[in-house]
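Below, chain A partners chain B and then partners chain C, in two separate complexes.
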Partner chain A sequence: MLDFVQALIDGILYGTTYALIGIGFTLVFGVMHKINMAYASASIGAAYVALVVGGLVAGASAWLVFGLSFLLGGLFGLLVYLICFHLIPLGNENATLMSTIGMLLLVDELIAHATQGMPQNYPSTAFGEEMVRMGELSVRGDLIFVFAVSVVAMGALLALLYRTRMGLATRAVAQQPVAAQLCGIQVVKVNALTFVITGLLGGIAGALVCSAVGTLSILITGPLTVKGLIVTVIGGLGSVPGAIVAGLLVGGLENVVLYLRGVTERDLYVMLLMFAFLVFRPNGIFARGAGRD
Partner chain B sequence: MDFYFGLIQIIGVHTLLGLSAYVILLTGQLSIAQAAFYAIGAYVSAMLTVLWGWHIVPALFAGAAMGAFFATLVGFPALRVRGLMLVIATLAFGEGVRLFFFNFDYQIQKGNVKVGPLGPEGFRQIRYFPENGWTTFDVMLFVWVFVILVMALIWWVDRSRYGAVLRAVGDDELAAQSVGINLTAVKVSAMTVGGGIAGLAGCLYAHYTTHIEHLGFGVLQSVFAVAYPIIGGMASVFGTLFAVIFVQGILVEGLRFLGDWRNLLFGALIIVAMVVRPTGFLDALMLKRFARWFALGRERA
Partner chain C sequence: MSKIALAVAAAFAATLGMQGGALAQEKTIKLAGFGVKSGVLRLFGLNSEAALKAAVEEVNKAGGVKLGDGSKAKFELADYLDDRCNAEEGISVVRRIAGSDALIAIGPTCSNVAEPLYGILQKKVDDKGDTGLQFPILTDVAIKGGLAKISEWSFRNVPSEFTMYSSLFYWLKTKHPNLTTVYGGVEEDFAHSRASWYAVMKDRSAANGYKVLGESKWLLNDTNFSTQVREMKKANADIVAIAAHPFTTCGVLKEMQRQGVKPKLLVGLTSTSSMETLAGCAKHAQGLIIPTSFAPVTKESKHAAEATAKKKGAADLHSMAAWENVFILKEAIERAKISGNKDAASLQTDRRKLRDALAATKTTKGLLGISKRTEDREADKPYVFVHAKGNDWVVLHNPL
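== the complex of A and B ==
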């Protein structure tokens, strides 16, 4: 029983990174009604470039690498927007899906090329070795750090969306692009800004994932993309709170299954959870009735 | 020479895979589960020929039927979700099937070796073609018989009333529904046909490679399947064939001399292709232009 609770706690803490990736997918979907398949790859890419640039500075701390990853994530988000979305007509969903998949393959290959396919050690924060004990349970310090940073990032995002004029504009474009444009909101600017914001989140998520796993390799990007998309579906496309809850749910379930059934069946049950949601609650956790797509 | 025959086999099987996604795309649905039906077809037919000694042709049909059956099963939830939700749902289904085969063991003692699928190691010893003395050339012809059959069938269906119905649903679901088209029947039937074609492609693939494993049926394979019709354009089946030749013949094989850089160029070229021609190479406009050239030629002659 104790091990079960332990597995659940670890999973939920790690699940916050899924929530961050899920938010990235869901926010872009909410604003543009398109999926940015390159998101998780670009996030890991930002984490990698941050590692390389941070490595140039002698004695760079993990904090520098994390900060760089954050900023580079925003830059990469903007680049993905300009290359894969800006040049393609808005009504063409399949074309942007394909172009972002092309970007995904390109980023993966660039990382593989630069690292020669070797996993890179990723710096852990000062909390890496610490264990926090609560009675008989103990929690890895770095997972608590992952959790705390994710919570701060999500809080900042929610504040940005619901407390600022910029957030208001973003939500307006998500709801009704034409009406928003008529009110004088520059839709293209809002779209680009959404990519920068999701990119910043992705940069953090990428660095957090790599530091929690301990290494950076392109083997991370595939599963992260799939998990992020699953989180998006379970949370409901376009719903930020949904993505947060779904991320924790998927992280918790995954780790519990890992504990109970072993590594080969881990992802199978996550898929089953998603199918259950598709059949019984196709609009996600916080569904608002029939307005799908 | 065998190298080129092998390449033509690959192009044939990938054309089938692309066409399976093409049929579903006609109804405006994007399925990233094609590799799952491909895997089901491959495993089922290979088990039939290797474990139970079936002839290849009935095994092919059985594999295609299984692909179609599972596609129907996936097709029904597809009615509840649309557009990008369906992309993710089918993607997850595909991963689920791959993970199933990752865990799937079923071995039988044959002579002094055990044959059959063995979890992560995959399914070796699919030796139907070598055991029966087929050369690479024979296999290539065999593959292309099916490719041409399926292409002709889809080309014909595209010009029939059923093809018009498929395209009507793809262009505007609401309008199609209001003229009395049964959306459920159309979408599920398109999904079924697509699954069947992917299953058929899987059977052919399993038998010419002789060794299948779960890694060959990942998300990437599904992405390739939908990439062909999108890059090639949805106006005609020939767009898909063109895209397969472009991707497999030129990007994958033709750029081999670039070594490591080939993979880098691959993703970049897909982006460029989509930016330059967002509706695919062979879209309605291009098709009209080709038709006009042919018409001019006929007038002169």
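== the complex of A and C ==
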């Protein structure tokens, strides 16, 4: 029983990384009704460039690298918007999907070429090697830190969405872009800002994931993209709270299944969970009417 | 009109002159390398390519290779083609190479490419009913056991993990007789890792008197190993043997440190004895013992490593096999008395002669010593045991 609880705790904590990535996917979908497949790879890309730039500064701390990753994430988010969305005719439904898939592959390959495929040691947080003991249970200190930062980031994002004019404009564009435009909201500016905001979040997510893993490698981007999409579907397309809960759910489930059934069946059950939601609750965890926030 | 006639005559004479010049040019024997040059395994392809270039340059500097008519030819290395560690692309690449004037292909990197690739070759030579590709392949990297027997056109110059780990566990047993248990860690979704644990490490450790307590499993792309390492901790084995590549090996080693899992000895996979592992987790990998068919311990191996470094590649058991392959081919070509002619019929005859010469080869000169060739076209190569010490792989035991 103890092992089961341990596996669940480990999984839920690790699931915060999925939640961070899922939020980025779901926020873009909520505003533009399109999927940004390059989100996870751009996040890892930001983390990589931050590592390189941080490495140029002698004695650069992990915080500098994380800070750089945060800012670069915003920049990369804007670039992805400009290249993969802004220039693509809106009438072509699948074009942005294909362009972002292309961007995902491009970023991955650029990192592979720059690093020669070698994993790069990523700085850990202050709690990188610590384990917090709670009786027989133990929890990774760095994952608690990731969890805390994720909660703060998500809180900041929710505050931005629900307490600021910018957030109001974003939600207006998400609900009714034509009406929003008629009300004087600049849709293109809002879309670009959405990508910047999700990019900032992605930069932090990329840095935290690489920090939790201990190395930066393009092996991370594929699974992170898949998990991000699964979390987006389970949480409900466009639902930020849904993405948060779904991330923790997916993380917890996969680790519990790993413990009970082994690694070869782990991903199978996660996919089954996604299919179950698609069949029985297609609008996600917090399905409510149209299922959009 | 006379001016036109003069111009035409001049052009005709120039053409004849060019052809005469071409006839006077040296013959070349084309070798084609292929493997992974993109994605996370890119480094394998880059290192193999560098080693091939360095070896070809060395052969050519020494005068080239002797042909059947007594003349000398230079080796020409075709562009190293990328198969992306993908079986379909590997097959497509080899078909493309076979359609060129290359005499032989050296590759691939991945065992999951090599296995289906050998499958498209003619199984038995002279089998008129088998329309498989009749093209020789000499593999440098793909190391999963027993593949070359798939086709009589496939040859490998890779070490026998079965032999190396058998020797390693025997040596560990004699050196540390108090250690009795082994626990494994394995990448379940990678052909090489999976075969290395189940068919080699697990089997050989048990054969040498160790009790195998079980294994933890993960996938090539996994990043969270908390559950697997807890299983490892519970098993509390004396020796932990990790059959995984650098990315997940580093992840597991870091998690082991977090959870305070400290086995008496750590054993790793052959492919993990690379700079990639030390770049990712040198601190955590200290003491990791790996058998390998390359270490810069002889004059030849040091020279090969330096020459490859000049071509911007790193020397390890995989890339140095590519280096050895060039010299193996030089000897085989000379014994086979290859014509070096580029017309289709002569080229195919030469390919067959080379195949037969490789099949008849009993021993080859490797960088660590003499390698024996087996009946099923594999290599029995000399090896050493290395361990991670500081930022380098240092020889722990040299059975040579």
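We adopt the following convention: the second predicted complex is superposed on the first by the 288 of 293 C-alpha atoms of A that agree within 3 Å, B and C clash if a C-alpha of one lies under 4 Å from a C-alpha of the other, contacts with A are read in each partner's own complex, and residues count from 1 in each chain.
Just so it is clear, a residue touches a chain if its C-beta (ideal position, glycine included) is under 8 Å from a C-beta of that chain, and two chains touch if they have at least 3 such contacts.
The shown structure was predicted, so the numbers you read here are calculated from the model rather than taken from an experiment.
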Contacts of A:Pro89 with chain B and chain C, given as first, second, both or neither: first
Partner chain in contact with A:Phe29 - chain B first, chain C second, else both or neither: first
Touching partner for A:Pro282 - first (chain B), second (chain C), both, neither: first
Touching partner for A:Gly222 - first (chain B), second (chain C), both, neither: both
First (chain B), second (chain C), both or neither touched by A:Asp3: second
Chain B versus chain C as contact partner of A:Thr264, first or second or both or neither: both
First, second, both or neither for A:Leu110, with chain B first and chain C second: first
Of chain C and chain B, partner touching more chain A residues: B
Chain B versus chain C as contact partner of A:Gly102, first or second or both or neither: first
Chain B and chain C footprints on chain A, overlapping residues: 108-109, 112-113, 222, 264
Chain B contact footprint on chain A (complex, rising order): 29, 33-35, 83-84, 87-89, 92-99, 101-110, 112-113, 222, 226, 229-230, 232-233, 237, 264-265, 267-268, 271-272, 274-275, 278-279, 282, 292-293
Touch list for chain C against partner chain A, complex: 38-44, 46, 188, 217-224, 226-228, 230, 246-247, 250-251, 254, 257-260, 275-276, 279-281
Residue numbers on chain A that touch chain C, as the complex places them: 3, 6-7, 10-11, 14, 108-109, 112-113, 116-121, 129, 131, 138, 140, 209, 212-215, 217-220, 222-223, 255, 258-259, 262-264
Complex interface listing, chain B residues touching chain A: 25, 30, 77, 80-85, 87-89, 91-93, 95-96, 99-100, 102-103, 119-120, 218-219, 223, 226-227, 230-231, 260, 263-264, 266-271, 273-275, 278-279
